[in-house]
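Two complexes are shown next, each including chain A; its partner changes from chain B in the first to chain C in the second.
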Partner chain A sequence: MSPPRRRDRESLVRPYLITGGRAHPTRNTLDLTTLIQATRHADPALLSPEQRRTLRLCSGGSLSIAEIAAHLELPASVTRVIVADLVDEGHLATLSTEWQQHGPDRELLQEVLDGLRALR
Partner chain B sequence: MGSEPSGEVYLPDSVRTAVKVLVVGPFAVGKSTFVDTLSEIEPLHTEETMTRDGAVVDDLHGITDKTTTTVALDFGRRTLSDRVVLYMFGTPGQQRFLSMWEDLAHGALGALVLADVARLEESFDVISVLEERGLPYGVAINDFSSVDIPSHEELREAFDLLPEIPLVTCDARDRSGTARAMISLVEHVLASPFQHAQESA
Partner chain C sequence: MVRSAGAAGLTALAVAGAAAIARQRQRITELVREREQHLAELDHLRTKRLPALAESLNGMSSAPVPGPLWREDGTFASESLAELVDVIERIVRATREHTEHSSQRTLTGVLDTVRGLASEQHMAVSDMQHRHDDADVLADLYTIDHAGSQLSRRLRGFAVLFGAWIGQQRSATSLQDILRGAQSQIRDYQRISVSAYSPSTQGDSVGDLGVITRVVEPLVLLVAELLDNAARYSPPYAQVAVGVQHAHNGVAITIDDAGVGMPLEERRRAERLLSKQEIALDEIGDPPRVGFAVVGLLAVRYGLTVSVDAPPLYGGMRAVVFVPNELLTHIEAADESEVRQETATGSAGDEEQSSRARKRTSGGLPKRSRRTRETTAAQPDSAPPEDSDSAAGLAAWQQASESSSAVSVGENENEDPHP
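Presenting the complex of A and B:
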């Protein structure tokens, strides 16, 4: 048995094109659940097609890296590179994920718990 | 390529904090169903490229390398308050995937181990790894089958669970049951003094 394989999609064979040849994201703090928000309008002429698609998606509201990857049908690793570049350029911003460095505090856990209890 | 999502795809503007829980377990135990039941969005999937020893690959050179592999992830989301959203990642728990999902555990509140009474032993490895990592976890028995479920005492003994580890029985298709399973995990995290940050800096 081999691990599950992605269905053959064209996007997988050209990650270099998608990321403009970039091999690493410029920041290593982008988790799958890092929340991303559009900040300012960008000149489409200066952007790659994948960057444009990412900005267009993000201009509708906040999403996590995992959701951006899923909606754009790109691997999460490629999505991180694209988003990191757009954050560097000031077109996207990451929302606070400070607790992920030190662990969640009691207040946050209680809020999660209250939200779950309201679902029952 | 992907169609443009409609409005309810996005998080409320006030949400500032995301928390992550892994839903782990063997093949066909009901992970996707569980996530689907609690999710407010259509379940999504993406993939992580990882090395055999478990590191997430940021280097795109690695994508074609034989030492890397791709793991498909199903996930869902539930907004829990004005500012907090929960992401749930269904993650394979078989032996060959263990090193790969370990990296996903980074920054996670904890993991819910989904188990099937007919093949409890398939969830043993994943519990050992969670204990080694020190990631808080709870066990949820998916009772979708008509098999008689052993008593909680027998199940605790089979899993060799410490008394404080939550064990619940739920139907992965039932919202209040899945919510209860998630609640038991978060209550456990809250009760574990070293699993979260100190009250004051």
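Presenting the complex of A and C:
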């Protein structure tokens, strides 16, 4: 994970306001690489701006929590709270892949390694 | 003959003498009366005029300072006394102004130092929230961040009172972010409910509205002070409702609390402070209560109108902030632009067309899109953005470089490239 970009000013809307003061996500199954996809349409008037943006980001395909956090320019831990709420409401779903269940297979790792060596 | 002549001379002398004596007597009487007047005048000066002058100069009384007892122009006494009073008044005023200025300079200097440190600390806490991916740490950082936001609001309030720079310049910001930014800065932020969102599909909705750069920070501070007051004067379980409404020639931000209302005395004070152009340090009170003083000064300085009243049959207070059209602008919401990115590549639907058609809103407001990395990435001869963590930035850059075949990517993105 790359270090956070240094911001030159404090953001106007603070993270604690965005999550209503909650720091703990309602589920602890979400990590940075968990893939998220939008499942159903939600009434935008009932959502916060960050929730709306998250839904829009995930409506085109699946995105990882880390990517969503980067788009929202919010800390990953704050993004987790937002995403967990939307999953609870049924607007988002996690996408479990074979990769996430078993990890990458040996063959793939070998190919990546070979490729990296070839770059030198 | 000689004798009679002598007698006549004596008589004449006597008459002349008597007349002189009479004149002198009259003169003496006059002098005595004048002296009595002067003494009375001096006494009046000592016991009435000077104390009244002192009170009026100290701002303790607004009653007019009484004039002299006798207003005979041209007499030495009345002129010199008038001059004396003038001199005293001038000296006191000059001293006061000098003291006020120098204490303001000192305070501004002290304030700058404290603000610098507070801002550094706030920034560090922001960075920590990005760096640590742990909910327990985040919970602690929330507490520090919240305290930092309140501290920063207080410091900016003092800056306004001391006539100093209010703080950082921000780009044009949506009303919703303004209200939520203000909400972030008060202690009871969880009791505030902001309902500024309305779907932007209906063209010129409040959801698209924002304010121009110059008034972003002042408006945030102004609303925050009103929210703080509303939360303070309502029970701890009651919500404070914030809304935005279209009004004639502008929008109105309404802040309603369900409290018991402010005591009459407090409301009088608020009304007085809201209409002031300038506020002396000694008007802030002890302990200092700066809220309405700050709101009043900001409103006057930035062309906003604020009213606070207690509507009957309502309970609680209602504060209304009127933002005139000339301070408003159209904001292209971040989520809207993302949709445009998506639709632009695929089926460029009605969304794109309608947003192009909305270059001017129905209210006649100029449209301005928020400056994000998407636009900064399309600057002249920019290399491909290195920190392209957003696909939108890359797409914008690609679009920009395609649109102008010349080497220099146009400075004005949508206009002809340089010859």
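Definition applied: the second predicted complex is superposed on the first by the 84 of 120 C-alpha atoms of A that agree within 3 Å, B and C clash if a C-alpha of one lies under 4 Å from a C-alpha of the other, contacts with A are read in each partner's own complex, and residues count from 1 in each chain.
By our rule, contacts are C-beta pairs under 8 Å (C-beta built on N, C-alpha and C of every residue); 3 or more make two chains touch, one makes a residue touch a chain.
Computed from a prediction, not measured in an experiment: that's the story for all the values here.
Enquirer: For A:E111, using the defined touch cut-off, is the partner it touches chain B, chain C, both, or neither? Pick first, second, both or neither.
Expert: first
Enquirer: Using the superposition on chain A described above, determine whether A:L95 touches chain B (first), chain C (second), both, or neither.
Expert: After superposition on chain A, A:L95 lies in contact with chain B alone.
Enquirer: Would you sort A:L32 into first (chain B), second (chain C), both or neither based on which partner it touches?
Expert: A:L32 contacts both chain B and chain C.
Enquirer: Please name the chain, chain B or chain C, that touches the greater number of residues in chain A.
Expert: Between chain B and chain C, B touches the greater number of residues in chain A.
Enquirer: Between chain B (first) and chain C (second), which does A:P44 come into contact with in this model arrangement: first, second, both, or neither?
Expert: It touches chain C, and chain B stays clear.
Enquirer: Now for A:G60: first (chain B), second (chain C), both, or neither, which partner does it touch?
Expert: Touch partners of A:G60: chain B and chain C.
Enquirer: After lining up the shared chain so the two structures overlap, which partner does A:S77 touch, if you call chain B first and chain C second: first, second, both or neither?
Expert: A:S77: touches chain B and chain C.
Enquirer: Which chain A residues contact chain B in one complex and chain C in the other?
Expert: Dual-contact residues (chain A): 3-6, 11-12, 15-16, 23-25, 32, 53, 56-57, 60, 70-71, 75-78, 80.
Enquirer: Using the touch rule from the top, collect the residues of chain C that touch chain A in their complex.
Expert: Going by the criterion above, the answer is residues 119, 122-123, 126-127, 129-139, 142, 145-146, 149, 152, 168, 170, 173, 176-178, 180-181, 183-184, 189-190, 197-199, 220, 333-335, 338-339, 342, 387, 389-390.
Enquirer: So in the complex, which bits of chain A are touching chain B?
Expert: Within the complex, chain A contacts chain B at residues 1, 3-6, 11-12, 15-16, 19, 22-25, 28, 31-35, 53, 56-57, 60-64, 66-67, 69-73, 75-81, 95-97, 99-100, 102-106, 108-120.
Enquirer: Under the definition above, what is the set of chain B residues touching chain A in their complex?
Expert: 1-2, 4-5, 7, 9-11, 13, 15-20, 38, 44-49, 56-61, 63, 69-73, 75, 77-81, 83-87, 89, 96-97, 104, 106-107, 109, 175-176, 179-180, 182-183, 186-187, 189-190, 195-197, 199
Enquirer: In the complex formed with chain C, which residues of chain A make contact?
Expert: So the residues of chain A in touch with chain C come to 3-7, 9-17, 20-21, 23-25, 32, 44-45, 49, 52-53, 56-57, 59-60, 70-71, 75-78, 80.
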